[in-house]
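As structure tokens, the structure follows; a few thoughts come after it.
Here the chain labels run A, B, C, D, E and F in written order, and each chain numbers its own residues starting at 1.
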Amino acid sequence: MKLIVAIIQPHRLDAVREALTAIGVEGMTVSEVRGYGRQKGHTEIYRGAEYTIAFLPKLKLEVALPSARVEDAVAAITKAARTGKIGDGKIFTLDLESVLRVRTGEIGESAL
Amino acid sequence: MKLIVAIIQPHRLDAVREALTAIGVEGMTVSEVRGYGRQKGHTEIYRGAEYTIAFLPKLKLEVALPSARVEDAVAAITKAARTGKIGDGKIFTLDLESVLRVRTGEIGESAL
Amino acid sequence: MKLIVAIIQPHRLDAVREALTAIGVEGMTVSEVRGYGRQKGHTEIYRGAEYTIAFLPKLKLEVALPSARVEDAVAAITKAARTGKIGDGKIFTLDLESVLRVRTGEIGESAL
Amino acid sequence: MTAKQANQGATTVINGSDTAWLMTATVLVLLMTLPALALFYGGLVQAKNILSVLVQCCAVACVASVLWFVCGYSLTYSGNGAWLGDLSAVFLQNGNRTMLHAGTNIPESVFVMFQMTFAVITPALIIGAYVERIRFSAVLWISALWLLIVYVPVAHWVWGGGWLAKAGVIDFAGGIVVHVTAGVSALVIAWTLKPRVDFPKSVRPPHAPWMVMVGASLLWVGWFGFNAGSALAANADAGMAMLTTHLSAATATLVWMAIEWMSFGKPSLVGAVTGTIAGLATITPAAGNVGPLGAVVLGAAASLVCYGAVHVVKRVMVVDDALDVLGVHGVGGALGTLALPFLAGLGVGGAALHHPVGTQFLVQAEGVVAVAVWSAVATFVITKVTGMIVGLRVDRDHEIQGLDFSSHGETGYHSGR
Amino acid sequence: MTAKQANQGATTVINGSDTAWLMTATVLVLLMTLPALALFYGGLVQAKNILSVLVQCCAVACVASVLWFVCGYSLTYSGNGAWLGDLSAVFLQNGNRTMLHAGTNIPESVFVMFQMTFAVITPALIIGAYVERIRFSAVLWISALWLLIVYVPVAHWVWGGGWLAKAGVIDFAGGIVVHVTAGVSALVIAWTLKPRVDFPKSVRPPHAPWMVMVGASLLWVGWFGFNAGSALAANADAGMAMLTTHLSAATATLVWMAIEWMSFGKPSLVGAVTGTIAGLATITPAAGNVGPLGAVVLGAAASLVCYGAVHVVKRVMVVDDALDVLGVHGVGGALGTLALPFLAGLGVGGAALHHPVGTQFLVQAEGVVAVAVWSAVATFVITKVTGMIVGLRVDRDHEIQGLDFSSHGETGYHSGR
Amino acid sequence: MTAKQANQGATTVINGSDTAWLMTATVLVLLMTLPALALFYGGLVQAKNILSVLVQCCAVACVASVLWFVCGYSLTYSGNGAWLGDLSAVFLQNGNRTMLHAGTNIPESVFVMFQMTFAVITPALIIGAYVERIRFSAVLWISALWLLIVYVPVAHWVWGGGWLAKAGVIDFAGGIVVHVTAGVSALVIAWTLKPRVDFPKSVRPPHAPWMVMVGASLLWVGWFGFNAGSALAANADAGMAMLTTHLSAATATLVWMAIEWMSFGKPSLVGAVTGTIAGLATITPAAGNVGPLGAVVLGAAASLVCYGAVHVVKRVMVVDDALDVLGVHGVGGALGTLALPFLAGLGVGGAALHHPVGTQFLVQAEGVVAVAVWSAVATFVITKVTGMIVGLRVDRDHEIQGLDFSSHGETGYHSGR
């Protein structure tokens, strides 16, 4: 199994969730993060001066799924998350050794 | 070493921390996340209409520990986090290549 | 490629970001987390009693980068994040199978 | 509210008690806009737009204040025109500081200031219709034009001795002048502006219900200045207006909770305080004529009718009057205006009508309809013109990003780390 | 507070200044419940229960208002019964709008409304005892029954010309009527209801100390209406009541900070404002009789005694009076009531007692004890009965999940993303 | 503001209307400190220091109140000294409760209390200079010494019949007494205290702009009590003061927004409300003398000048007057004081000066300069002395960690999970 970690623009969340459920990926975990990269942050005004906010709000999506599904999932996320602007984000894939469903104790793919 | 990533119900945190310390796992990192899965979210009322909140509050626990301790730790978390209801969460295990303690620079298991 | 996951003291973020950009690591993702470890939390006062807050605010830094850069990056983070006090944090390194840049679809190191 | 209503033993010397109470009432009515309405509306929107709502409330309040000083007051309260006042008080240059306001026992300065707070909150109420998508410059243009073209004439008709006042319409504190004008205009603007991106799918519950409740609570206490102040004196009329205002608000709150409880099994906080506002808007025109019993009846009717009205606008007409300005304020104000003839005589404590019940009802209806039509037509033109001058909406990306940053360069909540 | 106390040159014409001040005071006392108390209590609970506290404050305020209109006012202030008033003012049908309230110079409507705000805040104070675990329907039942069975009779005894008034007890603004009744009843309810899950282990520091402070600040300013308004006139008694109220609050705040500073090495914000409230509750019964010097002494005593009382209830008796209603309000109110005979003569500025110091003290003690006993017994019965009718607690899961969502279908804070 | 200014038909009996209004005004001015100023300042700092700002506001308010009772009031308003009052009113033991304040128609207790709220807010304004780095004990020492050594004498000079009053200086509600003293002293403390760690690099935008706006709005409404209350009567002077105050604030808000809009392409919320405060501080000394037209001119000038002043202090002088106390309050207060002689005669509604324009200007300038110099010198000494007694700053780690936890053992925002 694999763990997909995707950094996306906050407002793309609903689109991405729909894209994933559309291909049958029914579970995911989201966290609010702040990102820094090519997109260098933005400036806010405060009493006659501008201040740079280096880190911009992003969302981090974590999706565990069978290795076989990774390709489709990555494609689906990319399509749904893309706006074409700098800051659209990244998709990381990590190897996932095991999964357990707390409620039932099931392990492995059946736990997803 | 392994990195255990557990998604749990927010109110189970204290129980899980106690269960882990009980078996001698003394360190962990927690983040507030929102999850989507079999448990399909909930509806909130707003001026005569119901709105679905797809993502529900969960906590994500990250625990790095020696491979040897993984089994006990997973068992402990499962036991402490289980309420038997849909939405209890998942426990993911990833391989952890190395660990370093910022304060001392120690690396490997001694850094945990 | 590797994924560095560093837990640091909140106020060290700017220093760490500068240290990383200094060595040419231009991207990172940060999340607010709460940590528990040797540093056992702190006590707050409330109407004549003290309450223990087990988890203390920390920041989690995630940095994906080519395996070749890991050593420098870890060193840079350690140096910038260290205050010498208990609670300075940890640096975890995980193996990263693949990376994709949402905006362009580029994959691999060029996506970083 | 009209000088006439308060003209009980008018004298040529200032009455200290009336002055003390009216200054207090003025403070309370300004509080209704800053910060009460700002919090009420700000809590209802999404977190990424909270600041834009607050800026809009500040800006509208200031623009209305300055225009009131320039000519708004004069065109509303000077002269005897049936349609509009005259220019004898432009820039408030119409008399020395100790001048008494004709027909009252308070200084001109206090009357000007008290009425100004009404001119401030009325266009501010409309903000609820266009939040989360409007261009900030359009807010300024619409509010300025609206104040002069809709509020000023209507206030003159009803309170300034114009044709509706002469016809004997009763609008104690602004059911017509404030709530009908704002509610109808809100609908027209919302409709012209088009819905928010992905409406209604994109609609989210209020980002800060606690803030909505704090705003509603401050509106409630401020409303005592609004209604009891409209007696223009510290007397029994003011006292009864305060009592009826409170009873209507309390009853409406409980009824709205009951409706939600029966519909969804749970009464919500936002629902409860929406009921409060409905009850307050509804009693506004009637606060000077009904007694305690009538106030309770009116409060119950307020929630029943407004609850339905919100549903009709949002889900039947599918117009994105984002924060239900028409459903809660407009409908409530009209309801109170039309119901007061029948409730004034219910139990003790009420005050006489200007006509027999039936006639009074027709006059009230005439007022509501005439003002609604004028508000609709004029607001449509104002919105279109504004659209040509500065454009009405921010572009899609900015709307999605949120107006706080895109229009004002700020972020609502900084974790501070 | 009793008509008698204010009966200085009663006339048959309405006094505009007294009316202006009492309307202002009414606004301030309502502000104390909405939103001041709501914020004070809301900030003290956990984030998952913030909205439930706000709903409870709104609902209790509305239920009390409507019941006051129905019969509460009549049973408190009509007739000359030693134990209870009569029904001559039910539904407030007892006179026309210009009627003067006997023994005062203000309109009946203003007196009814001012007293209503006291009937509103007293049951609302009790909310602090049962937050985070009570069933919402139980809140409504308990509050309604409690208002009629505890508040109304006690208010009649002390302020409505009942047996305690005849005995010459002094309770200027509600040390007995408001704080002792609420505090004792809070303890009884908390004890009957049982502690929150895992109490005291589960107790967390306030989720929003800033909100607690804002609530406390608004309570402070609102209390000027509460105490200075209780003079029922805009005169020197009102002025002195305001001054003593402020000095007591300021002193108590500093003393509570000093205690914490010495105990923990750090003074906390929540501690400081808890001291403020203790100082305000304690001066309440005495505000009309002590001078500035007595007020400062009373303020210092307030924090010393209440700090200890909070500890006793929470850690010795281990009763989960969640937000310390007894420890801060009940004990403070009793302290002020019992201490005033001795402090009234301290320095200049005080007012005469109804009896010699010793006798007055005995009468005060009689009042405190009698009211405490009645409150305890009646509240116990009310709570048990409510338990039978609708049940007292939400189930364990809902309590853990938080009342905001489980009882009201809302979430306190939406990041908005 | 001086008894003289209000001395219109002084009598020996209390005037109920004046008393009602002054009690109301007192409530409003206390509201300005608690919670208005606390929210305004609290929202501007970083999240880790929000509670410390609120504690500081509470503590300063209480310390000032108690000192006012002890001897502050007496040294300010008793006797006829040119430099300082006498001790005839220490502990407020100077008369019985019905005593009238000489030269007014209100009870001594009300005058003491109203003036106390000014003594409370002035040292609280200075908090803006030293937030996020000062030791809490230093806040108490500095505030206490400052009240007695700077505020009390200056208030006596200008309002207590001292040398500046005799010279005929006009400071209606505190341009000199409140804003110049606070502003200048703020700069001196900020400079002595040194900047925050990594200033200006570390400067972050306000952590809660919404809170800043709520604070500013409450300051706005509270300022009506501050300025209109300073007429010490419910009369036309009070009414005009309220009107000019409002017009200045509204104009200043719009002008500050315009400046930001032109400079950055976006008007911000914090900018808009900073303009509001500038407009209010600037009209303060002039509210009793200018008419509506002069108020609008003054409001426009306020934002233009203060916007520049903030820039000069922060970026040219590079002094870390963290929340711009000098730039907004000090400069605004001085501007209004110096401009009023020229604006009093602009249009109708103004009031006579004590001298011909030219002379009046020189007297005003004399007042501003003398008070600024005294404030600077005395504050420098006070700060140095405090540094020796308890030390001025928290240590670096604590500053970085945030004062909320390090100085008060609390956390501003608990997610509650």
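Methods note: a residue touches a chain if its C-beta (ideal position, glycine included) is under 8 Å from a C-beta of that chain, and two chains touch if they have at least 3 such contacts.
Quantities reported herein were computed from a predicted structural model and do not represent experimental measurements.
Trainee: So if I look at the partners of chain C and the partners of chain D, which chains show up in both lists?
Mentor: A, B, E, F
Trainee: Once you count every C-beta pair in contact for both, which comes out on top, A-B or C-F?
Mentor: Between the two chain pairs, A-B has more contacting C-beta pairs.
Trainee: For chain B versus chain D, what separation do you get between their C-alpha means, in angstrom?
Mentor: Here chain B and chain D have centroids separated by 50 Å.
Trainee: From the C-alpha centre of chain B to that of chain E, how far is it in Å?
Mentor: Taking the average C-alpha coordinate of chain B and of chain E, the gap between them is 45 Å.
Trainee: Which positions in chain B are in touch with at least two other chains?
Mentor: As it turns out, chain B has residues touching two or more other chains at 11, 31-32, 44-45, 53, 94-95.
Trainee: Which parts of chain E, given as residue numbers and ranges, touch two or more other chains?
Mentor: In chain E, the residues touching two or more other chains are 15-17, 20-21, 24, 204-206, 264, 266, 268, 270, 408-411, 415, 417.
Trainee: Quick check on the complex: what are the chain C residues that touch chain A?
Mentor: Where chain C meets chain A, its residues are 3, 14, 17, 26-31, 62, 64, 94-103, 105, 111-112.
Trainee: Could you please specify the touching residues of chain D with respect to chain A in the complex?
Mentor: Contact set of chain D toward chain A: 400-401, 405, 408-411.
Trainee: Can you check the complex and tell me which residues of chain E touch chain C?
Mentor: Contact set of chain E toward chain C: 203-206, 260, 263-264, 266, 268, 270-271, 274, 307, 310-311, 314-315, 324.
Trainee: Taking the complex as given, what residues does chain E use to touch chain D?
Mentor: Chain E reaches chain D through residues 14-17, 19-21, 23-24, 26-27, 30-31, 34-35, 38-39, 42, 50-51, 54-55, 58-59, 61-63, 65-66, 69, 91-99, 106-110, 112-113, 116, 136, 211, 407-417.
Trainee: Chain F touches which residues of chain C in the complex?
Mentor: Where chain C meets chain F, its residues are 11, 42-45, 53.
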